[in-house]
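Next up is a structure, given as structure tokens.
Note that the chains take the letters A, B and C in the order they are written out, and that residue 1 is the start of every chain.
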Amino acid sequence: MSRPLRHILSADQFDPDFVTKLFANANRTKANVEHERRHHRIGNTLAGNILYRLFYAESTRTYESFGFAATHLGMSVLGTQSVQFSSVAKGETLEDTIKTINSYLPSIIVLRGQAVGDAARAADVSRVPIINAGDGSGEHPTQSLLDLYTMRQELGRIEDLHIVMGGDLWNGRTVRSLAKLAAKFPGNRFTFIAPPTFEMQPDIKAILDKAGVKYAETTKVTDVLPDADVVYWTRVQKERLTETQKDYLAEHPDTHEKYTLGLKEVKLMKPGARLMHPLPRVGEIKTEVDPDPRAAYIRQMYYGMIIRMALIEWTLGYE
Amino acid sequence: MSRPLRHILSADQFDPDFVTKLFANANRTKANVEHERRHHRIGNTLAGNILYRLFYAESTRTYESFGFAATHLGMSVLGTQSVQFSSVAKGETLEDTIKTINSYLPSIIVLRGQAVGDAARAADVSRVPIINAGDGSGEHPTQSLLDLYTMRQELGRIEDLHIVMGGDLWNGRTVRSLAKLAAKFPGNRFTFIAPPTFEMQPDIKAILDKAGVKYAETTKVTDVLPDADVVYWTRVQKERLTETQKDYLAEHPDTHEKYTLGLKEVKLMKPGARLMHPLPRVGEIKTEVDPDPRAAYIRQMYYGMIIRMALIEWTLGYE
Amino acid sequence: MSRPLRHILSADQFDPDFVTKLFANANRTKANVEHERRHHRIGNTLAGNILYRLFYAESTRTYESFGFAATHLGMSVLGTQSVQFSSVAKGETLEDTIKTINSYLPSIIVLRGQAVGDAARAADVSRVPIINAGDGSGEHPTQSLLDLYTMRQELGRIEDLHIVMGGDLWNGRTVRSLAKLAAKFPGNRFTFIAPPTFEMQPDIKAILDKAGVKYAETTKVTDVLPDADVVYWTRVQKERLTETQKDYLAEHPDTHEKYTLGLKEVKLMKPGARLMHPLPRVGEIKTEVDPDPRAAYIRQMYYGMIIRMALIEWTLGYE
């Protein structure tokens, strides 16, 4: 091939033109898969191609989402969630593993790495496209695209939105990436709701400041809900807490309850607004909210598979 | 779809009419798969459909049995045996996981749950059929159907049988379900052979009493073998013993040996009788029995795959 | 089937005629897969057949290599790397597991066993071909074939070669098997380079002596490199060290460094010579060597998949 490889490594690589074109392709892909499923058929758009999932950390949702995406496109699917038990245990470098998998002639490798930068390291030595499915506390670029695509589908636009982000913003990879991506579209503004020590980190605020994007901060959950177009809620990332955050939670045991959304809170939102969540949730959105049309987090999972189908098609030059 | 979803949740849902029709379909499915394999071909009955295996507990036999069943029908197969390491570890509810998997558009979900009632909970929120592949100490409905189908194939009938059940009847999910199911067919009667504290539990006996089904109990293994049509043997479920049972085994270390069947015991059986076992066995049937035509437990595994093929076809309305 | 089953159990079963014919078939298979991949297609040589991978020990490289090999041939692929968590934990014998898997009608079983002789035990009870993918410290027959095929591809011949083997020759399953296999072809001779206590074991030397094959031994790495046609380097098998070997390494902490090859060492080799390694490596070949045309260890992985494709075809009578 003469054209350069099309990796998906970082949300930073997506400019508005790319996003616009990708979402148009995703709409076509969505129509296709819905048509095929109605007739109990599998698509054959990418039949003859092989997707390999190389996951150094378990992630049922992301792993299965890519597996189904590839299957609906007619691809063969191989891979494993337990790489850590084998070659890694024997001390093999990521580069050697990627070169080895390349030797088996996959069409594309979806990589869930162990550390920041793993996807870029993999791309440096791979002869086939790498899709970054999350590397430690670093990037998870397909997540921010699916979040934005959900807004496009549910609200009809990805501009001029008031996006409220709440919960553990400090450790939340999804809200960090989404803020950066949504800031690239005109008229979007943000309100960040977080307990003390869990606020959005300064690096993201600096990016917003530099781009001239408006944002506000608060610790009061209900004040801002009536004005939101999108409320993006997140769980506390127990596996990533700082010592300061642990102390805060120990001293304020009602934090989780204060940052829990029920029907009472959701009914403060505009009828056309949408409540999103990357899932899994651990109680911070009550299940009583699920039937409300504003609850978009389950449909968000579906859009996630669609956007991954569109991204796979893009990496392989099918668009 | 306007017709209600066809889940497989509990052995209680199978009435004799269902079983009769299913077994007729299974015979056709069995002839098909044997024909296809002779020609080194995969069937295409359900091509374009996707079976997803969601296993919260490891079970190589059941997991692979469903995987092969779906493959022989031409389905795509996805799934994982290690769900417990990921979303579950993060605290996601079964309902959220099922809704998420639904978003990826599978045709059917095979669920091995963690606790009694998991399959019913899954069915409550699923838009595609759920097949219960065992939920804790609760149901394992496809197991009792395959056991009965084995009798149909090996003995030519599922009525007027003297069924002897032996081993750990207290904790044995398979013998409990099979007793309930076989009791629905006229003329079947039972003898239960178990060490003290391992007897068939009162709830099953009450069901048999109510249905007017005859049964006897004994602790002497050999007495009843000459009169049996089917001997269904089981292993002690070490992972589920009560304290009383542990004490009994400690005080009677020869229990396992007393409840072991060898060729000497099997030769007491009628030539046309059959010895069954759900496997795995851990010595309670000696391997010297394997070549005897009465040993049906390996063929039982084959009938198990066939019956699962027929059940998949039924859930998807193909019959 | 009237012809006997074609298992792959031990490198001892390969005579020069078999190898010659297999390599000719592998060349055709290699041309086919390269042609198909250029057109983004999957082959259909063995479509309708099912390969089952039964791995009692994790081995990402071997597991995935067979998975891709079967996929490129158009086979359906099933299997699991985590057998040890399930039936095995419940105490099932290998024979019962093999019989059970046979019941599900696979076309072929690839087995990574736990102990020496597992593959032969499996073959004794299987109705479909068994391919031994390594059994403990015993055999790994497909590895020695892929090593020899790499020499055939890279050097154009498998005769009249000076093969230098270095590293942990005592515990290295690959070098042991390869020495036996390469000794069957005329004119090959060996030099073994190993630290004290890691020398090639007497059983292999006895085989070479009996066959009249020349070999030398040394502990000095660089002396012999200029005269080598093939340098086959290996890692210390930390998981298999004897007490004597542990003591030696403790007393000679510079052993690993002394047995590390960098560009300086590789440049001593003839331009047309080749450096091989079974991978994973843990530093004993520096990555600076990778771009050198003599570095053949990544291509070796590719030849490994090709030779496994050819072996699968052979076991199924397609040649």
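Some observations on this one:
Assume contacts are C-beta pairs under 8 Å (C-beta built on N, C-alpha and C of every residue); 3 or more make two chains touch, one makes a residue touch a chain.
Only a predicted model underlies this, so the values are computations on that prediction, with no experimental measurement involved.
Rotating chain A by 120 degrees superposes its CA atoms on those of chain B, with the angle stated to the nearest 5.
The two sequence copies chain B and chain C touch through a face in which the numbers common to both fall below half of the numbers used overall. Between the CA-based centres of chain B and chain C the separation comes to 40 Å, rounded to the whole angstrom. Each of the following residues of chain B touches two or more other chains: 82. Chain C meets chain B in the complex at residues 47-50, 52, 76, 78, 80, 82-83, 85-87, 89-93, 95-97, 99-101, 103-107. Per the touch definition, chain C reaches chain A in the complex via residues 33, 36-37, 39-42, 58-61, 63-65, 67-69, 71-72, 77, 81-82, 235, 279-283, 287, 298-299, 301-302, 304-305.
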